[in-house]
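Here subunit A shows up in two complexes: once beside subunit B, once beside subunit C.
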Partner chain A sequence: MKFNLKVYCDKTRLKDIREFITEKLKAYVHDDLEINQMVLAVDEICANLIIHSNYCNANEAINLEVFVERDGVTFEISDEGEKFDLKKYKEPSIQEVVQTKKKGGIGLMLVRRIMDKVEFVNKEQKNTCIMHKRFKHQ
Partner chain B sequence: MINITTNIEGEDHIIMVEGDVDASSSIHLDEALTELANDDSVKYILVDGSQLNYISSAGLGVFMSYIDDFKNKSIKMVIYGLSEKVSNVFQILGLDQLMTIVSDKKEAKEKLHEVQS
Partner chain C sequence: MDYNKEVIDNILNLEISGDLIGENNGPGLVELLNDEINKGITKCAIDISGVRYMNSSGIGVLITILTKLRNKDGEVVLINPSEQVKKLLIITKLNNIFTIYDTKEEAIASFK
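Moving on, here comes the complex of A and B:
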């Protein structure tokens, strides 16, 4: 099963994204914690794309595709903003985040803890974050 | 989407956070905590999370950014009333070990005023 949502790059749209994912996953996953973790991971990636790749420019959009498979879910989130290079990303320690008081930088950390697979693919103008999560109980 | 109210009970400042704390709304939580951090008379903060529906890294980041400030100013903060869903988000990165998080207000007040040995 495939679901699709396109949203403009405005932070206030994050709630719409969360509601969309929650509603679609409810038909397949019955554990609220498991749903919330997947919603959180998608929210974090979308927030990064909206804020850091597209500078909250509402003329730009991000496209979210959800593929529900037998064993889990794959999320593909794409945009045409600035690309993100996962190879250059160095995950900070929690202590570093506390000491620098940056109030940011832990979104991707959460995503990597939650998802079974996270990758960023850049092709021509299009950047896509692909995440996969296996269902806990099948 | 987010509603933050601050009440005073004796020497305790209680921040009630209602709704979703995400990248678009975390600024309001930040402002409420800044106000308390800048008030020299504040020594005890209770965060009532019983009406907190959702938190993302933006909200966690706000709480984390005050850990050192509060320690330096001898301000104690206890978070209580989190739902299992919200509490789980703190646990993913082990933040429940860095902050004091308890189940209810009574326990939160006890924790806040417990005598340090």
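Moving on, here comes the complex of A and C:
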């Protein structure tokens, strides 16, 4: 099953994204905690794309595709904003975050811990974040 | 997000429920905290049992509260996080930074 949502790059749309993912996953996953974790991962990536890649420019959009398979779900989130290079990402230590008050990077830390696979693909002008999560119970 | 606050024995008791999302709720909570700090409050117990959803910006709000109070030689403790929030605290290792209690009574007693 495939679901799709396209939103313009405004932070207020994150609520719509969270509600969309929750609603779609509820038909396949019965554990609220498991749903919440996946909603969080999508929320974090979309927030990064809206804020950091597209600078909250409402003329730009991000496209979210959800592929529900028998054993899990794949999210593909694409935009045409600034490219994110995962190789340059350094996961912050929480001690460092508390001491320096620089909170950047926590979102992606959560995403990488929650999802089974996270990759960023760049093709011509299009950037896509692909995330996969296996269902706990099938 | 909704919150209730009361100050008892110079301890700020905050009860937060709903979605803790920094962009939406952070400025209000930090302003509330600043007001209390200006009145001399340096200890805070936050009941987050009613927080249903929290993302990294919500985590950022908790870290801001922590650093503001510790800068004043104060402390903040968390009360009874839900399974969802507990999981995030463990993933980020914030469970080693925040002291977490099961009940308000235990949290208040820790300040005495």
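Note that the second predicted complex is superposed on the first by the 137 of 138 C-alpha atoms of A that agree within 3 Å, B and C clash if a C-alpha of one lies under 4 Å from a C-alpha of the other, contacts with A are read in each partner's own complex, and residues count from 1 in each chain.
Here is the rule we use: contacts are C-beta pairs under 8 Å (C-beta built on N, C-alpha and C of every residue); 3 or more make two chains touch, one makes a residue touch a chain.
Given the structure is predicted, the values throughout are model-derived calculations rather than measurements.
Asks: After the subunit A overlay, clash or fit between subunit B and subunit C?
Replies: On the shared subunit A, the partners clash.
Asks: Tell me the contact category for A:102 with respect to subunit B and subunit C: first, second, both or neither.
Replies: first
Asks: Quick check for you: in the superposed arrangement, does A:11 touch first (subunit B), second (subunit C), both or neither?
Replies: In the superposition, A:11 touches subunit B and subunit C alike.
Asks: Which partner, subunit B or subunit C, is in contact with more residues of subunit A?
Replies: Looking at subunit B versus subunit C, the one contacting more residues of subunit A is B.
Asks: Looking at the overlay, what does A:47 touch: subunit B (first), subunit C (second), both, or neither?
Replies: both
Asks: Enumerate the residues of subunit A that count as touching subunit B in its complex and touching subunit C in the other.
Replies: Shared contact residues on subunit A: 11, 14, 18, 32-33, 36-37, 40, 43-44, 47, 94, 97-98, 101, 103, 106-107, 109-110, 113-114.
Asks: Using the touch rule from the top, collect the residues of subunit C that touch subunit A in their complex.
Replies: Listed in rising order, the residues are 23, 53, 55-57, 59-60, 63-64, 66-67, 83-84, 87-88, 91-94, 96-97.
Asks: For a test of understanding, state which residues of subunit B touch subunit A in their complex under the given definition.
Replies: Against subunit A, the touching part of subunit B is residues 1, 20, 22-24, 26, 30, 54, 56-58, 60-62, 64-69, 84-85, 88-89, 92-95, 98.
Asks: Quick one: in the complex, what on subunit A touches subunit C?
Replies: 11, 14, 18, 32-33, 36-37, 39-40, 43-44, 47, 94-95, 97-98, 101, 103, 106-107, 109-110, 113-114
Asks: Can you name the residues of subunit A that touch subunit B in the complex?
Replies: 11-12, 14-15, 18, 32-33, 36-37, 40, 43-44, 47, 50-51, 94, 97-99, 101-107, 109-110, 113-114
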